[in-house]
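Next up: the structures, one after another.
After this come two complexes, each holding subunit A, first together with subunit B and then together with subunit C.
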Partner chain A sequence: MDLSTVFQSTSLIVPEIVLMLFGMVILILSPIVKNQKNDYFLYVGIAGVVLSFVLNLGRFNSEAIAFSGTLRIDNFSAYFNSLFLFSSLVTVLIAKDYLKKNTPYINEFYALILFCTSGMMILASSVEFMTLFVGFEIMSIAVYILSGFDNTSTKSTESGIKYLVLGGFSSGILLYGIALLYGATGSLYFTEIISNFSASPMYIAGISLVLAGFVFKIGAVPLHQWVPDIYQGAPLPVTGYMSVAVKAAAFAVLLRIVLDLAILPSGYLLIAVQVVAVLTMVIGNIAAIYQSSVKRMLAYSSVAHAGYILVGVAALIADRSVGGQGILYYLFAYTFMNLGAFAILAYLSREDRDCDTFDHIAGIWKRKPMTAVALGVFMFSLAGIPPTIGFFSKYRIFLSAVESGQSFIAVIGIVASVVSAYYYLKVLVYAFMKQDEYGFGSHKPVSSVAITVLAIATVFFGIIPAFSWELAVEASKNLLAIVY
Partner chain B sequence: MLAIIVLAPLIGALINGLLYASGISKKLTSKPDNKEVISYIACGAILISALLSTYLFINLIKSDPDSRLIVSEFFTWIPSGEMNIKFELLFDTLSAVMAMVVCWVGFLIHVYSIGYMHHDKSYARYFTYLNIFIFFMLMLVLGNNFLMMFVGWEGVGLASYLLIGFWYEDSLKAYAGRKAFIVNRIGDFGFILGIFLIFTVFGSLNYQDVFSKLADPVFAGGISVSIITAIALLLFVGAVGKSAQFPLYVWLPDAMAGPTAVSALIHAATMVTAGVYMVSRCSMIFNMSPIALNVILAVASLTAFLAATIALTQNDIKKVLAYSTVSQLGYMFMAAGVGAYMFAIFHVVTHAFFKALLFLGSGSVIHAMSDDQDIRNMGGLRKMIPTTAITFLIGTLAISGFPLLSGFFSKDEILASVYNSGNTFFWIIGCITAVFTAYYMTRLYILTFEGSPRMSTEVKKNIHESPRSMTIPLIVLAILSVIGGLIGVPHFMSEGVGLSHFPNLIEEFLASSVSMLPHEAPHGSGFHLGHWALVFISIGAAFLGILIAIIQFMVIPNVLSKKVEKGNIIKGLYKGSLNKWYVDEIYNDIFVEPFNDFSRQFSNFDKSVVDGALNGLSDSVKNLSRKMSSFQSGLTRYYAVAMVCGVILIVAVLVF
Partner chain C sequence: MEITVSHYIVLSAILFAIGVYGVMTRRNILVVLMCLELMLNACNLAFIAFSKLHGGMAGHVFILMTITVAAAEVAVGLAFVVAIYKQRQSLDIDLLKILKG
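Coming up: the complex of A and B.
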């Protein structure tokens, strides 16, 4: 590889480099700048994300291979990168209000978010296992730290440690799978793995271990048990970020692997994905009902949503002509509605305690009517009730299942989402009909702007999905085109 | 540009709505000067729409008659299998006329509301609703497919509901809002069934697609007339609800519970004519079904006549106008029922002018009378509020069909086309209704403005002419009521007075978007009335009504106290008319009460059987949920073991 190739490849990953550079600037300068009262580094962080976002927009409608075929930059990765960058921007904005009083290391928080996002971006574009693993670990390690970020809370610390142990465990499984694949085919490049492919047990064991690693990250049954504990312990903005961005990143890779590498066992694969999807939807939704903590409830709900998305994956495996746009669009929709839900919890939290139980959201209609309305929008959307984006995306997912001849999964999914309406609407019953027992949290101007934007987007795209939907269609075409 | 026309009112509504919801408007309106900010936003939004639509309208007139059509597509709204509905706006001659009426009459009423609602505490909420209404109304008339029309249709229904129940603290007014909403729902149900049927038959909801398929003889030959009749009748059911035709007209008089400016805008000038617009838009469908047209004609004539008889005896100034609106809507549908859609639209336009004028005038009267609406307590107001009185008189004469005023031309065209279509019986009913119309309007005017004052001295002290923001719209509308008819002067009239090149503007203009059913005057067989004879008959009807009213209420004094003590038949008729022929009571006994009984029983069944089963089910799900949670021990090592089991499971499924 000569120098010009390096330069050319480097120029292709400028958005990732921008994030890294801005993150490092924050890390290096924050001990030097004494005046911690000003939000200089918040602005640096925002500038980094926004700059990267704008640069990433240039990637739409272009295709390129960087670093000797380890990264593939196309509509698909550009689509996911936009999701990651958008959710990191929202997370930074929410965290600014939420963390301020709790922690002295606020600047490191911004830096970690930037690093984590750049890891996800690499993950979504990688088509080679070593690069993929590097991206995976950049993302994961940052998230481990983030989930234990609030060192004054034992729960957050516990969550950080737990996530580190279990996440490390899953990384090990993933790495083991990669090693087996290498043993079976002698390569780490997706293209070469496909061309050297043979139906050996080693290959199949390798691919299933790799899949297991990602099933862990998306929090699907049977590897879902970490989700509620860690989501509950982590600081609220981080939970929102994890549930949206980390999940989307894991799904991006899962889609590539399922479509490209898991050719042989497709019959079994379909059954496996179907079983996992059904179990995830059913268990996630039923377990969510009993929760008394809203955070824990949303954690189970995020498990359930992973199940809905897996229905789309099953449809795609059964019949590639239905396309992956439903899955991509669901992740897009989920970004708005779930981030919105967590943003509201962060917004309602007081300095001395998080807004966590149902009693804490009781009566916010009287205190903060606009917030209550926004909460209503997000809950309706999560439950999949029109005219919100949640309805449209869920409709698309189940439609793709029906089109691929798996109506029974769609029926189970719809029944499961009926169950989900119970706990989402329970939130609204408390918010609108109960008496206030919690009192005011402090006013958080930046968060309220973020919540407003998310709520408007949730309704807007629900009524007029046209433009965003076409983006998902384009991105999905790119995904399906790369079947070697 | 079309998008801006539709969106401007929505943006106005959003701004005012947010101001209201966030409580800023409360702070703003605590100072009276600041109230104007809200009204400037609302009126400004409508003015933008009005000016832009005027610009497009003028362009449309200038352009070649064959290409008078602007379609702008924005995005695909609902892509789903065969159904592919686009968000498109259409500006053809029919939508243009409607949009002009909606925007300009809407603008005048917005201006009027500045004065009329000045003392209300929910000032911002009022203007928010009003802007939302205009937004949906424009969507209704400018949408390019049936679904967008339906969205607008439901939207104006919502706005109407919100505005009728605007003073929702008064439970009667809130009840009137509910009644309007529920009665409309019956019509909407028919309308949406009609839309479904259109989609099934034509495979599209786009106007151009549907109508071009209908114009294609091969395709049209393949559809049976009975299907077309079914579509036409279902659509008409929608129109019956929205445009207050028999038997669903009962909501409109009660809708007068809302602010008077709202009655003028929604329940006289614009929303209630949506049904006429829809029928005209679908003229091609209706033309293919003679049965549907006959049903329309019969229902419309009955409505016009029945409502006019009720209006004869009402004592509430707004109720008279409400029944008069129902009756005039009947006229419009009579025109549609003989395929003369242009005259229906022509009457929509002139009616918008004079009925808005009359309602706004009555608002001005009510304002002056300290919110008393009973005409028995009025009288002699002409000297006290002269501007209102003169403009009201012009409105009265226009609606009565006084020669050369706007209502004269449109009503005359309608009656003539009914006669020429050979439906002599319905023509006679129309003429009798015209006599009634002239009578009750003159009665209303005389009792309100002439004679000696009958109000209490306290009220009398407070009587004053309304502020300028209210009188200017009155004057503008009065001018329009006078000259508005000139856009549709029939050819034989202009020729008759030697202006043979004076065109019948509206007929030529609408020809490109509305397909009219041609009617030759019946030939040969015996007795037939010519154009001029018809004109003189309708003039005679107007004068007859006016004359009777003048004799009864001005020449014979003290008529109010004597009137009822006449013969039994007349007394019975009078009582029947005064009580609106007991239609509300009949509906109550036949529909409302049995339905309430039924729903009470159903609710018992629901509570015991359905709820019991559901509660049992949900309890068992809850128990399951509780058990599942007990798996979560919170111990990391346990989770690690569970993970190992999960991984083994996945690998096992895939490998074996």
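Coming up: the complex of A and C.
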């Protein structure tokens, strides 16, 4: 490998490098700049994300392999990278209003979001386990810090240490799985692992441990118990970011691994995914009904949504020609609606307390009618009621299950999402029909712009899904077309 | 008796199991962090052994990555330990139950 190959590979990952450089600039300059009142570093962070987003657009409709085949840059990774960059942009905007007075370390927050996003982008492009692990840990360690970011709050630090211990545990399991796969096949590349496939116990144990590591990260049953605790304790913008971007990153890798490595015994794999999907939908939705905290309710709802996406994964395993588009589109839809829901909670939070229980959102309709309408849009979308993006994406997921001959799982999914309407509409009952008792936070101009954009996108793509659906179809084609 | 690669694999499996057991049962956060390290180091041992078996360098390089990651993870973990000790004057995991439904 000569120098020009290195330069050529490096030029292919410029969007990631831009994010890291901007993050480092923030980290290095923020202690030097005296006047902390100004938001210089917010602009640096936004500039980094936007620049990276624009550069990433150039990756659509191109295919390239970088760093001796460890990174694969194609429509699939470009699609996911756009999701990560969009959600980090929204998170930075929400956090600007939310964290302003709570914490003195706001500049480090922007830097961590940038680092975390660059880790996700590496993760979505990686086709080799060493790169995958490094990307996974860049993402994870940054998220551990972010979830324990407010070190004055006992809840936040508790959430941080719990996430660190459980996340470290899951990455230990993932790593041991990688070690076993390496032992069974003698390679870390997906291509070579699959060509040296043998149904040895070591291979099967390895792939099972790797999958377990990712089941943890997407928060599917039986490894979901961490989700509500950590979502409740973390600062609200971080919770939104975790529930959207970290989950999408884990699904991106899971798709590559499920499609490439877990070919045998695929009968068992299909049954395992079906069982996990059904349990995740049922347990997530039932547990969400009994929550008194809106944050915990949304946490369990995000468990349930992981279950809906797993229905798509089951369809994909059963029949490769369906399923992929649905999953990709669902993650796209979920980015808008779930970030929107958490953005509204952050918007309604006051300096002295988060918007947490149902009483805290009572009576928004009287005080802030536009926010109440936006909340309605997001809740309808999460529940899958037309004409929102949530309906179209759920329709596609369940349609793919039916097309792959698994109608029963689609029926369970539809029943589960009918049940979920109960707790989403309960939020709206409080928002529109109850009297307000506690009062809300002051007006946050930047967040309200972000919420407006998200709400309009949720409705717009629900009515006219064609463009975004095409993107998902193209990206999934790219995923399936890879012949190893 | 000659020590072969499979002995190292068994040793790494035992170390990994001890680490898992420790994370699940220990009540002190510091000891839990040590058990996490033990899990990651068991993986390192497995990588080295398999690298010897297959004769490649990939396993060796992977270990450098793992060591870096483990160091970063523990640095963050210890920062949390300090923050938690300041708040509660205790490192008992059973006290971490403010967040529940």
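Quick note on the criterion: the second predicted complex is superposed on the first by the 482 of 484 C-alpha atoms of A that agree within 3 Å, B and C clash if a C-alpha of one lies under 4 Å from a C-alpha of the other, contacts with A are read in each partner's own complex, and residues count from 1 in each chain.
Operating definition for what follows: a contact is a pair of C-beta atoms (placed from the backbone, for glycine too) under 8 Å apart; a residue touches a chain by one contact, two chains touch by 3 or more.
Being a predicted model, the structure only gives us computed values, none of them experimental.
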**Message:** Touch test for A:I145: subunit B only (first), subunit C only (second), both, or neither?
**Reply:** second
**Request:** Determine, under the contact definition given at the top, whether A:K162 touches first (subunit B), second (subunit C), both, or neither.
**Result:** both
**Request:** May I ask you to decide whether A:Q291 touches subunit B, subunit C, both, or neither, giving the answer as first, second, both or neither?
**Result:** both
**Request:** Would you sort A:P386 into first (subunit B), second (subunit C), both or neither based on which partner it touches?
**Result:** neither
**Prompt:** Which of the two partners, first being subunit B and second being subunit C, lies in contact with A:G405: first, second, both, or neither?
**Reply:** neither
**Request:** Classify the contacts of A:G58 with the two partner chains as first (subunit B alone), second (subunit C alone), both, or neither.
**Result:** neither
**Request:** Kindly classify A:Y182 by the partners it touches after superposition: subunit B alone (first), subunit C alone (second), both, or neither?
**Result:** second
**Request:** Pick one for A:D229: touches subunit B only (first), subunit C only (second), both, or neither.
**Result:** both
**Prompt:** Which subunit A residues come up in both lists, the one for subunit B and the one for subunit C?
**Reply:** 161-162, 165, 169, 173, 228-229, 287, 290-291
**Fill in**
The residues of subunit A that touch subunit B in their complex are 161-162, 165-166, 169-170, 173, 201, 204-205, 207-209, 211-212, 215-216, 221-223, 225-226, 228-229, 265, 268-269, 271-272, 275-276, 283, 286-291, 369-370, 399, 419, 422, 464, 466-467, 469
**Residue ranges of subunit A in contact with subunit C within the complex** = 129-130, 133-134, 137, 141, 144-145, 148, 151, 154-155, 157-162, 164-165, 168-169, 171-173, 175-176, 178-180, 182-183, 186-188, 228-230, 232-233, 287, 290-293, 296
**Complete:** The answer for subunit C against subunit A in the complex is residues 9, 12, 16, 19-20, 23, 29, 32-33, 36, 39-40, 42-43, 46-47, 49-50, 53-54, 56, 58-59, 61-62, 65-66, 69, 72-73, 76-77, 79-81, 83-84, 87-88, 96, 98-101
**Message:** Which stretch or stretches of subunit B touch subunit A in the complex?
**Reply:** 21-22, 75-77, 79-80, 87, 618, 621-622, 624-626, 628-629, 631-632, 634, 636, 639-640, 642-643, 645-647, 649-651, 653-655
